[in-house]
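Order of writing sets the labels: A, B, C, D and E. Residues in every chain begin at 1.
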Amino acid sequence: MSVPRASAPGRVITRPPALLSARAGAGFLAPAFAFITLFLLLPFAWIVGVSFTNQTLLGANADTGFVGLSNYARMFDTASWLPGGFGYSLIVTAIFALASLSGQVALGLSLALLFHGRRGWWREVVFTLVTLCWILPEVPVAFGWLSFLDRDFGLLNVILRALHLGSPDWTLDHPLAAIILFNIWRGTAFSMLLFSAALASIPPSYLEVAAVSGARPWRRFWDIIVPSIRPQVLSAVVLISLWTFNTFGPYLITAGGPLNKTDIVAIHTYRVAFRFGDWGLGTAIAMFTMLLNLLLTAVYLLASRKREPNAGA
Amino acid sequence: MAQLTLSGIEKRFNNTLAVKDLSLDIKDGEFFALLGPSGCGKTTTMRMIAGLEAPSAGQIHIGEREVTALPPADRNVGMVFQDYALYPHMSVRDNIGYPLKVRGVRGSNYTERISAVAEQLQLGALLERRPGQLSGGQQQRVAVSRAVVHHADVFLFDEPLSNLDAKLRLEARAFLKRLQRELKMTVVYVTHDQVEAMALADRMAVMQGGVVQQVGAPLEVYRRPATTFVASFIGNPPMNLLPVTLERAGRWRCGDAQLTPDTPRPELVGRTLTLGLRPEHLLLDPAGELSGEVMAVEPLGVETILMLSVAGETVAVRLPGEAEPPSSGTLRLRPEWSRAVLFDEEGARL
Amino acid sequence: ESVNLTVSGLNTIAQKWYEQSVIPAVNKALAPQGKTIAVTYQNTASSAEATKQQYALDLKAGRGADIMSFDGFWLPEFVASGLIKPLDVVVGKNATQWDGWKQIPIGLQSILGYQGKLYGIGQGSDVRGVYYRKDLFKKAGLPVPWNPKSWNDILDAAAKLKKALPDVTPLQINAGTPMGEATTMQGYDMLLLGTGIQMYDAAKQKWIVKAPGILDTLNFYKTVYLDDKLGESRWQLIPTGRDLSFKAFMDGKLAMILEGDYLWRSVLNPLDPSGMKNRDQAVAFTRMPAEKPGSGIRGQSHVTISGGTGYLINPNSKHPQEAWALLSTMSSKDMLDAYQKLEPRIRVRKDVGIPSDKVMQNMASTLLPITVTRPMLPEYNKVSEQAQLMTERVVSGQMTPQQAMDAYAAAVKQIVGADKTVELK
Amino acid sequence: MRGREVAARLGFGVVTSLLATFFALPCLWLILAPFNERASLATVLPSPPSLANFRAVLGNHDAVTGLLNSGIQALGSMLLTTAVAALAAYALSRARVPGARAFTAILLMFSSVVSGTVAMVPIYNIILKLGLIDTQLGVILVMTGGLLPTAIFLLLDFVNSLPKSYEESATVCGARPWQYLPQVIFPLIRPGLMVVGVWAFVGVWGSFLTPYILLRSNANLPASVQAYQFYNDNGQPVLTLVSAYSFLYVLPVLLLYLWVNWRYGFRFFGGIKG
Amino acid sequence: MAQLTLSGIEKRFNNTLAVKDLSLDIKDGEFFALLGPSGCGKTTTMRMIAGLEAPSAGQIHIGEREVTALPPADRNVGMVFQDYALYPHMSVRDNIGYPLKVRGVRGSNYTERISAVAEQLQLGALLERRPGQLSGGQQQRVAVSRAVVHHADVFLFDEPLSNLDAKLRLEARAFLKRLQRELKMTVVYVTHDQVEAMALADRMAVMQGGVVQQVGAPLEVYRRPATTFVASFIGNPPMNLLPVTLERAGRWRCGDAQLTPDTPRPELVGRTLTLGLRPEHLLLDPAGELSGEVMAVEPLGVETILMLSVAGETVAVRLPGEAEPPSSGTLRLRPEWSRAVLFDEEGARL
């Protein structure tokens, strides 16, 4: 039998096994790509463009006039760091996002850990409850919270009074705490679901080996669980940060006030762009926010790339 | 090292009884194998010894200490899991050293003890690698190192070799046996591979459905299986089991064939029993009393396995490697009566 | 020929009115021309900002409802961006020669008029004043009926109430940003008018950014909310504050409230399930006095301010004549009389009264002659927000009245340009 | 040991009950207020419970239509998002697109900003050009565009965790991608599709701004916009009606979630590792 | 059914050459095993036959058809994956019928063909179950059914038995062999278990590092391994390999021992070669020429394996089951020269 050679070995470089040919893959991606181009990239281009103009919704500036970077300069003028300014809003947002993030991760992780390896109706009840807080529509839920936080009739204060812990006026005296609490309440489900999936993917034998090796629960948590779910923690941190940074929900609780104490970036942008129709400034703020988000995403990509080379078997 | 005593332990999961009234006495320095088919309760037994599962009844002693209610960390056992459970985020060194680390061993003591074990298990050069960069055999040795780095009283191995390929398995087997001898370890070794159990164990227990069927030295179990289950589980191919009716003393019927055993057993006349014969104890003989139709021939080199249909049962016959039996037709067989075993209606050896 | 017209901003009651009265009437009127009209409704509820946004987008795109409900003070911005056109351009002489104009006072015609041009027909207006609880006043030994002549009369009454009824909040005057325009119109403007000035000096065409009147106003707030604690400052700072004040008033926990006729006809409406069954027995209305008698705007002793809404015709309408026919029909006496049966309120036509409600009729007849309107300027919104913020800063104690006014002045100068502002001594 | 075990169980019970209470309490008002004829922000047992609020709400034709429209828009976007995202996630996972992860991560960041208030003007104009203003399809398309990046991101994890041998065995059996995708792959990642589907449904069901900007006729407006029927002229909610309408508005989401959770389990696969 | 020809196929992954210049001619109806250690390229070869991997060079023919560039769906092969890849959301019936369904077979034809196959594989009663409700052995039969329900030209099995426990494995082995005979299937069977390969295959190829070391019938490979690698891979324990120096014709040295082989091989004098002797071809004999120290005794019942240290090498000796050799001390061994094999310096058989 003659053995015909296609070519000398080493010259032919076949692609690694792709289950899907590049053509079919492109076909599958096409609808998503069309949607994304039409409804994300195109609007994005508009935002970039308008951020260099003094366009307003109505009035004499309703048509575009190029103003260079002056919108960006306006964002950080001297009034910016006073209540109501963008700089002030950034600080508020940073506190809001950091506190919400740590709260959500801590609470979500605690719930996931508490129920790790447990089955049964109680777990179903708690998980359903927490998940519902996440997926129920924002507006009705906000009414629930307004009621919950109400100084006089709110359940929170009813309980606190019963415990002789006073009855603080949440939306007036601690508005930032109130919306942080609200955001944690609303978002915990995501990290809880994420972490319980992550915990379920840790082979039980990892923890058992540690137990047999003499490690106590706290030790097992730090030595085994934390390193094992690091990638998921990273995902959670980035996604929650992104979502928290851009959430508008607290508007329904405090409307950004009082005295702009809860003027987070999304609310600030809403006020500038929607209420005052100042598109130039509004889009510039959106662009700046986007750059901050981009930074976050980049850190995420770098961090997740770094762990790849020494990923285990 | 210490001896290990299980007294009447039992484990119930909801409505399944995974382990039933199990008592074992494992001696100091003994290599003890737990053998049985999948789901028979081997792992559950071992997890109870380690403290990973609480027994529903019974007691466990390690040495003089009762450990039944102690958490795993307080039992001072070493354990190797079936999947090794090496930590992918730690180097080989830190994997091996983990039991030392949690006990607060630090500094030079820490590195020295790891090096000593790694030397012994020929892992010296691999200490800085991650488990993902090791072959299966190397991973197994790391898992063993982690179990032995700390001087445990009892060592537990849960099917440590089942993930290895045939050749590696042979090597690892010899290695484990040597290690156990050298360190005089008390070992409980779980496996469903009877060859492995026989090759390694000083004594072994054969389990089925949560119940120990037989405890004994490997050869004893091989030669005199306590039940038909043990008979059909041990040996490769396993013992052939044929139904026989004792019509008269010294005249047994098996299918159409009339058998004339050495020992007539008049006391059993009239009963229908099971005759057990290992494949090497059925000899090809034109004058044999049994006849069977050839179904398959498996030439394995050192031996040839002949599969026959005798009285409706599949019967294996072990022939030397050079034998070239016909691959079809009917052959006659002669039992080697001195090796035959007889089981009663419930499957217990008579 | 059947013409389909779209009308935006009709609430449920108005839609009922349309079905029962307006559409049959307009079709009868158009019958000679062989035309019929069908109407599609578009709700524009939600916030004013959202509605404006929707209108702006639609008008820029050359679309939108044929007849659009419009708040009068949006006109300047829409006119400035060229999105709406006067009636004489859109409709022509049919509109200018409408006989209904005669029944609408000039001041109310300008609800939808700007710089001398009419863009649509106003429909309703409103007035503001003080409501008080007769029962509480009697308990506190205050006279009923009560006719305060000055701010001090109000403060005195409040002080007496506070003393006699410790768990009753004496007074509510809106402040702060959460209430939005309700702060500017029912609170800040009502006080400022009593000092003799308005936010904008129409004669000089300048925004008044510093003035003794502003300080007086802010000091009044300070007295009420901080110094004498005659009001609940909390309500001014949280989003639900205005509702809480309404509820307190209904529950007899609030004695006086400065509000629009909206409170009377809607919130307290005894026919409404959540309204006030004994409104007519427990609540009385009185006009808001100036700071001192005669110190109010135009030398008045009492002040009020009005807004107004109406309907205009979309310049993009494909059927402007039919739209006009509909608009003029719905603004006719017959139709508005029919409407008053469903929803009685202050209408723009002189010949349309408020038949079933003497109190409302009285408000309209005493206050409409002395009322003022807000400045019709594109920057008004932003300035108004600054005014709200100014009151918020005072009421919360964050700034003194002087500091708050200074901050207000600086912010307004940045918004409108320093040359368009004036400081009074 | 026994004592310690009991203590541990007790501690677990107490801690989880407290957490559950924290999550349950703010929802209580939503359940009680609708049945209270004089509902306020106070969370009180209605006495006597009444259906008057519901009668009033259901008597409002536009509001009822709004609930149906919400259903159409949410279901439409859910199906479209899930289908398009599943195809894309499959392609990204299997066709070895270089930089697939960076691509989805950046899109994710985009979507969280671009779907906010400032993007409404260009989106209005795009839909206008497509001739879809005041159509439910327009809303469905825009919502799908906004939801896709996250949907792809979530699904990618599910597809990546699926052994390739499923598709390989299907191809060896003679199946083409358009056969084995619906027959084999999609059923296997169904829990993921369900999570994404529920999440998309909820996202659209609760959205206000997009339908508000794109829709005009009462016949097309969803419940989130029609809820303003129950606000008074001064933009304040009429709590009796709003609470009843909220109750009706929340109910479908609740039922959908409970059904999916019961039928398929609402969970992530192995956690999102990015 | 058809024959299968691989001509010089090769597979490169980035910088590893997984399969190197492989040519095989597998006959119509032949049971062909691919045997080799982990990572030697067995799976890769099979995946190239199935079309799941594109060869970097070479051609594949099934029957007369060249299929090298065809997608898997066009090759008409049946395949059983190591993990079975049964679809958990389909019933057993639909799993088996999947190849028919995608080819548009419908209605009674569909159900009948499934029933026929299921009957043959004794799955008739399980057709409505889901794969998750089946035991390992049943799952394997479903996977096989799915591969055979459509009349493929070639059947590919990738370690189908490696997930089964020892007893099931034996049964499944016999079953597969019978099926292949009955259906006259052309089968390529990948395994790393040499016993399995020998029991089943008509011919087998032993691979190492992507290169075929030997192709032949099982016994031929067992008796006359082509290389030291094959020698050490086949057999359990594998062939003992001892270094020998041919000092003079008929006088070989192994460590301290002097050997006197049957055939003097004068042409090889002066070279240092490798002597291969299977464990059963080293006999205990007090007059034997080799001596070794006992390291371990593994009594396996039917046989006893004795591990000795001979000339620094570990040497296994197979003894009958009854033998009870001393567990320490020195023993003398006699090679059975007629069975000895000699390998050159590169490891190729001479």
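In this section, a contact is a pair of C-beta atoms (placed from the backbone, for glycine too) under 8 Å apart; a residue touches a chain by one contact, two chains touch by 3 or more.
Listed by chain with UniProt protein names: A = Sugar ABC transporter permease; B, E = ABC transporter ATP-binding protein; D = Carbohydrate ABC transporter permease.
Not measured: the values here are computed from a predicted model.
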(message) Quick check on the contact network: minimum steps from chain C to chain E?
(response) 2
(request) Would you mind checking which pair of chains has the most C-beta pairs in contact? (result) A-D
(request) Measure off the straight-line distance from the CA centroid of chain A to the CA centroid of chain D, and report it in whole Å. (result) 16
(message) Can you work out the whole-Å distance between the CA centroids of chain A and chain E?
(response) 54
(request) Determine the centre-to-centre distance between chain B and chain E, using the mean Cα coordinates as centres, and give it in whole Å. (result) 25
(message) Counting only Cα atoms for the centres, state how far chain B is from chain C in Å.
(response) 91
(request) Mind pulling the residue numbers of chain E that touch at least two other chains? (result) 47, 52
(request) For chain D, write out the residues touching at least two other chains, lowest number first. (result) 40-41, 121, 168, 171, 239
(request) Can you tell me which residues of chain C touch two or more of the remaining chains? (result) 50, 53, 240
(request) Please give the residue numbers of chain A that touch chain D in the complex, ascending. (result) 15-16, 18-22, 24-29, 31-33, 35-36, 38-44, 46-47, 107, 110-111, 114-115, 122, 124-126, 128-133, 135-141, 143-148, 150, 152-156, 158, 185, 188, 193-198, 200-201, 229, 231-232, 234-236, 238-239, 242-243, 245-246, 248, 266, 269-270, 273-274, 279, 282-283, 286, 289-290, 293-294, 296-297, 300-301, 304
(request) Please give the residue numbers of chain A that touch chain C in the complex, ascending. (result) 57-60, 62, 79, 84, 146, 151, 169, 171-172, 253-255, 257-259, 274-277
(request) Within their complex, state which residues of chain B touch chain A. (result) 47, 50-52, 71-73, 75, 77-79, 81-83, 85, 87-90, 98-99, 102-103, 130-132, 146, 150
(message) Going by the contact rule set out above, which residues of chain A touch chain B in the complex?
(response) 203, 205-206, 208-216, 219, 223-224, 227-228, 230, 310-313
(request) Could you pull out which chain D residues touch chain A in their complex? (result) 12, 15-16, 19-20, 22-30, 33, 40-44, 84-85, 87-88, 90-92, 94-97, 101-102, 105-119, 121-123, 126, 141-142, 144-146, 148-149, 152, 164, 167-168, 171, 177, 198-199, 202, 205-206, 208, 224, 227, 237, 239, 242-243, 246-247, 249-250, 253-254, 257-258, 261, 266-274
